[in-house]
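In the two complexes that follow, chain A is the common piece, with chain B as its partner first and chain C second.
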Partner chain A sequence: MSDEDREVDGKPDQPTPLRGPDEGVPPHPEGKRPSVAADITALATGLKTTLGEFFSPAVTLEYPEDKSPRSERYRGRHYLRRYENGLERCIGCELCAAACPVGCILVIAAENTDENRVSPGERYAKTYEINMLRCIFCGYCEDACPVQAIVLGPEYELSDTSREKFIYTKEKLLEPLPPDVQARLDSKGPK
Partner chain B sequence: MADTFTQTLPEGVEARELGSEWMELNMGPQHPSTHGVLRIKLKLDGEVVRDSDMDIGYLHTGFEKSFEDKTYAQGIPFSDRMDYLAPPINNVGFTMAVEKLLDLEVPPRAQAIRVIMMELARIGSHLIWLGTGSLDLGAVSTFLYCWREREQILDLNEAYSGVRMMTSFTRVGGVAWDLPPGWLEQLQRFVDLFPSRVDDYEALLTNNPIWKQRTVGLGTISAAEAIEWGVTGPVLRGSGVDYDVRKAFPYCGYEQYDFNVPLGRAGDTYARYLCRVQEMRESIKILDQAIRTLPDGPWITDNRKVALPPRDELPQSMEAVIHHFRLVSEGFKPPAGDVYAFVESPRGELGFYMVSDGSNKPYRVKVRPPSFCNLQALSKMIEGRLMADVVAIIGSIDIILGDVDR
Partner chain C sequence: MAVATDQVTLQVDGVSVTVPKGTLILDAAKKLGIDIPIFCSHPKMEPVAVCRMCLIEVEKMPKLQPACAIPVAEGMVVRTLTDKVKQYQQGVLEFLLINHPLDCPICDKGGECPLQDQTFQYGPGASRYDFQKAHFDKAVPLSDKIVLDRERCILCWRCTRFTEEISGERELALIKRGVHTIIGTFNDEPAQSVYQGNWTEICPVGALTSRQYRFISRPWDLDRTPSVCPGCAMGCNIQIDSRHNKIGRFQSRENLEVDDGWLCDQGRYSFPYFQRDQEFGSPSIRRDGQLAAVSYPEAVAEAAARLQRAGSSAAGWASPGATNEELFLFQRLFRETLKSPHLDHRQQGIHETDPEDIGLPIADIERCDHVVVLGGQEVIDAAPVLHLRLHKSQRHGVAVHRVDEVKAGLAAVPAEATVVGVLATAARRADAITLQNQLVSKVKGSVRRLIVVRGPNGRGAKDLGILPHLGPGYAVLNGRAGRPRAEWPKAGIRALYIYDASPLQEFGATEAELDWLRSLDTVIVQRFKPSVLDEYAHVVLPGRAFPEKDGTMTSMEGRVQRIATGIDAAHVWDDWRILQAVANAMGAGWPYRTSESIFADLAKAVPAYAAAAPAQGRVLWGER
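Our next item is the complex of A and B:
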């Protein structure tokens, strides 16, 4: 393909001159009025397109009554998972806090004892907090977790009324996952 | 009665012509057509712009400084947020710089996925430019149609990466995930549909006399001036300079794809419009080829010193667990040195100059943002033009203030 064929406009390289202080309103950029017939045809072509769209079905949704489906990989609100026997997955290793680029995760670990067993390993997360106002939903915590304890769910409507409510505590994070997400996660990885 | 309306000069005063003086007018930072928080101090002579001064920094977020405080892997989600209309291209640019530091090979499948995501982002970004640029000049229908098609691109982003805009889909040495099942078919449907949509936009605008009157011959910048100002991207190519990083310095395997770089001649707002519309068609050509030639194989390097081990290795291999813990908690340490990696963003050449001092965090990251360099030429383009044309010309440069201010 030659250089001429690639050119998107066939006009010569003649920029319209800058106007001096004494010149009034600029003349028409092309120097002449384009033909009326060509103008009307061009406008009619455009109107035909918009008219065609007028009769085609609407693509918009009546949010919040209708919602578009979220993809399986959607990175929304976090959840902490449990094993099927009710023990928490989180072992308090703090890798998620280390991986977080914005430092929005706080983990304080404690030792499991025989009287108080929270997770299968030696340690569990005594405190687990996520500052959702800082979170950028990059999903690095999910990648970092060696036991797949933290996952990002499909919820995206996270507005609330005070800053304090955006510090998600362990109780809030341990809420059960939506059933379809739970089923999908159960199908892969240890239960 | 006629006497009441005539004014007689007092005794001893001579009539003289009234002088005019320039008026300084602030455009922005809260102005819808500056496409962000840009403030332009215009010196107006009547309605004609005589001088102008850009005031930037309203969106300064200190990303370059933030990079110094994060490990290399943690920098990727930050790069998303600079040019927030084409995040995948920022991801790839940043990751390429790290890979260049490490002298790391990226598997071909990862390269192809990167190309697909980048071309989708290019189309999405051009759609926003076309939509908002034409909305500034009163073409509301185009705006709505462009948003409709961009929605499909965002859906593809979401299906692949889980997020609609801030994809953060690259990892050093490849990409984070393989394509999900059915994704290529979804992409193929978009690729099949989109050219007819571009025809629709062109039917609305290309020959439209109103659109032409507002764009032809305005904001002209000659090829020599464009090079002097360091302008890149469609603004440079609209002036007829054949420079596209994808062709001049191919990366991510762009040399395998057959596509053209559209060039303008007049260097005006209309030529930039035609260039970008044509670029969307070329991007579709690349996507079509990429779908057909997508290689199989791994999507991330198997170098365990850089990339996280696969999830299913963790319960079986102690070595994998150690690598996993070290990589997540400490990251990797590239050799000391400095590199410059650059990609073609929808706005021009996006470069990352990265200095490593051998630690796990970059010593310095300097970004060469295309919007910042292109914005400099705005003063030149709007000088001697009418106030109303300033809006059209800003739109034609396609600046992103997140990219300008970083």
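Our next item is the complex of A and C:
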């Protein structure tokens, strides 16, 4: 199709301009011209806000010296609980691992014997590992646990220096619970 | 019309179905795809209707009827989805759960438990029972293989009926009455049966569980691979259940033609032999009297150089636990590359063989009217699941004669018998043929035999010519025959290649043979686990275990079945790859990349295998 054909069709190549050649910028409305007094008023209004905030109490904290309080339902790092007589609560049923949406929990179970009793009943967790890098802290493991063995505590500062250190083994997970978590669980009544 | 009288038409949930007379309502509904929940009913056992889970409404019958025990009748109208049926199903489950402990989290059955599944599907959701549950003994050892939890038992009688109807051993029984009823053995003695593993599979709850599998894994964590049992030549179909690349258990994978859905304990609990629980050494070469670790290519080059030096005075022993593909390459390595005829797969005894040995398929035992088991228990020990088939046949009217002597066997079968079977182990094959020939002239019907060979692929080893006097497909080697294993020490053999594929069917050298091994120039040992032969080896080539391979196996009845890789062992060379590398180092130029490509060549060399393998069918030698 040649250029002549296009003109015959009467369809121009260029889009129509929004404003015509004789249509200029509209004039400033009368009485709204900028003035010095208006500028000073605007400055004062802004400073009022700044100074008001300057003397009001601060909402930020001097982290890491100061820390904000956690809600008691906060889901931080996991703990494995023990009974008062020292036996582990975990029975190695793997329901936490089954409930986990990211598959960060590994449980390998074994059988309790009279010589080596780790938990009440027949079964205990020989291996219990959580990959904290994968964990999304959803708390499903705590929900799924039939013996309330696993709980999520308030700690959120989990940074470390190597990937291997983020695989929390049973020794680390069995550390004593922080007192506030213990108090929360105790307030739920005996389980 | 004869056909019409044998068929009955009934209605289940408004849909008409025509089934043979005598069919149970449960099976008629199943034909329509209508699921009726069951616990005690089992397709291979007589109905007892003790669990009451399958109650359904039948028109004109005042009370609900157990679908598992009522045969169909013409014009019957069955309803399985009415409110009354639902109410009864919930009631039955509520009763079953009154004393059933809710220890599903620690129960090995949890996740594959019919009681769990059906409570979820048909149950009431909550219990109204507020009182103390009745407590029974937990974790009672029934034997060294089975653990019984009496609290979990729902008294379906499946296990007691198994020992009565399927195995005929009557080991388990119901003890006491009413709510106090428990399952147990006589006088609490340990169970002796060799079919105990099946109890755990038929138990609809976690009452009977395997000690070996105890707390190993939850069912949803298992990787399942279809395979064939490595225990004996029976060829029972199994499923390798593994977790974290370790075998957890063998489960049966029903094949009505072979195992009828059962396994023996010998096979089921054999997996620790094949477990790679540690590393089994790298390829090694003997230098200055010590085995030194080397790479695969180095060990293969050394093996090839030593074999080439020996040439036709090299001998090869391959285990009857190897796959057909490996055996085929082993045989080619010797006959084609080394031009040596000295091949064997057998132990000391020299057993002849021919395709007639598989004349009687396992499933056809049920269709015989007389079966002679020559050697009695000896045959059962060689293939234990055969006993279950014989017992089933016996219940259906087949006369099974267990005899020790040919004479007794001949006397046991009357002249009017029409279909007669003879079973014997390979060691008594000659007697079996004598008996068969005498029976042929005595009875008016047909007489066929089945020889129970040694090793899961003992049949394949014979078919593919791992024999000094027969080539692949029983080709007769006129004048080119080699010497059998028993004669090797005196046959001027200079090099020996032992391919020890399975710890269950190993080389098993005698004292005299070990002395002979020490005197040899070259001993090459290709094996899975370290063996006593390593001490005598000049080259050790570690191969793969049974669950780590893929390929085909031929059962004693000539059924070519596939095994698949269930356990990953990528760092170990495939056995066929080792054999190919050894042959190629001598200039054979084999191009195989997969075991399937080897099978394609195998099928060309032995045409009878071409038809058998894809359908997992039997090799039919008659149509060669």
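Everything below uses one rule, namely that the second predicted complex is superposed on the first by the 144 of 191 C-alpha atoms of A that agree within 3 Å, B and C clash if a C-alpha of one lies under 4 Å from a C-alpha of the other, contacts with A are read in each partner's own complex, and residues count from 1 in each chain.
Keep in mind that, in the parts below, a contact is a pair of C-beta atoms (placed from the backbone, for glycine too) under 8 Å apart; a residue touches a chain by one contact, two chains touch by 3 or more.
Please read all numbers here as calculations on a predicted model, not as lab measurements.
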Which superposed partner A:Pro179 touches (first chain B, second chain C, both, neither): neither
Which superposed partner A:Gly139 touches (first chain B, second chain C, both, neither): first
First (chain B), second (chain C), both or neither touched by A:Arg123: second
Residue contacts with chain A in the superposition, chain B compared against chain C: B
Partner chain(s) touched by A:Pro64 [first = chain B, second = chain C, both, neither]: neither
Touched partner set for A:Ala109, first chain B, second chain C, both or neither: second
First, second, both or neither for A:Ile91, with chain B first and chain C second: second
Chain B versus chain C as contact partner of A:Glu53, first or second or both or neither: first
Contact residues common to both interfaces of chain A (with chain B and with chain C): 93, 95, 98, 146
Residue numbers on chain C that touch chain A, as the complex places them: 103, 105-106, 110, 138-139, 214-216, 218, 220-221
List of chain A residues in touch with chain B within their complex: 1, 3, 6-16, 18-21, 25-26, 28-30, 34, 38-39, 41-43, 45-46, 48-50, 53, 59, 70-75, 93, 95, 98-99, 101, 136-140, 143-144, 146, 148, 152, 189-190
In the complex, chain B residues that touch chain A: 45, 48, 50, 70, 73-78, 81, 141, 145, 148, 151, 155, 158-163, 166, 168, 176-177, 180, 200, 203-205, 207-209, 212-213, 216-218, 220-223, 240, 242, 260-268, 270-271, 274-275, 277-278, 308, 311, 314-315, 321, 324-325, 328-329, 383-386
Residue ranges of chain A in contact with chain C within the complex: 91-95, 98, 109-111, 121-123, 146-147
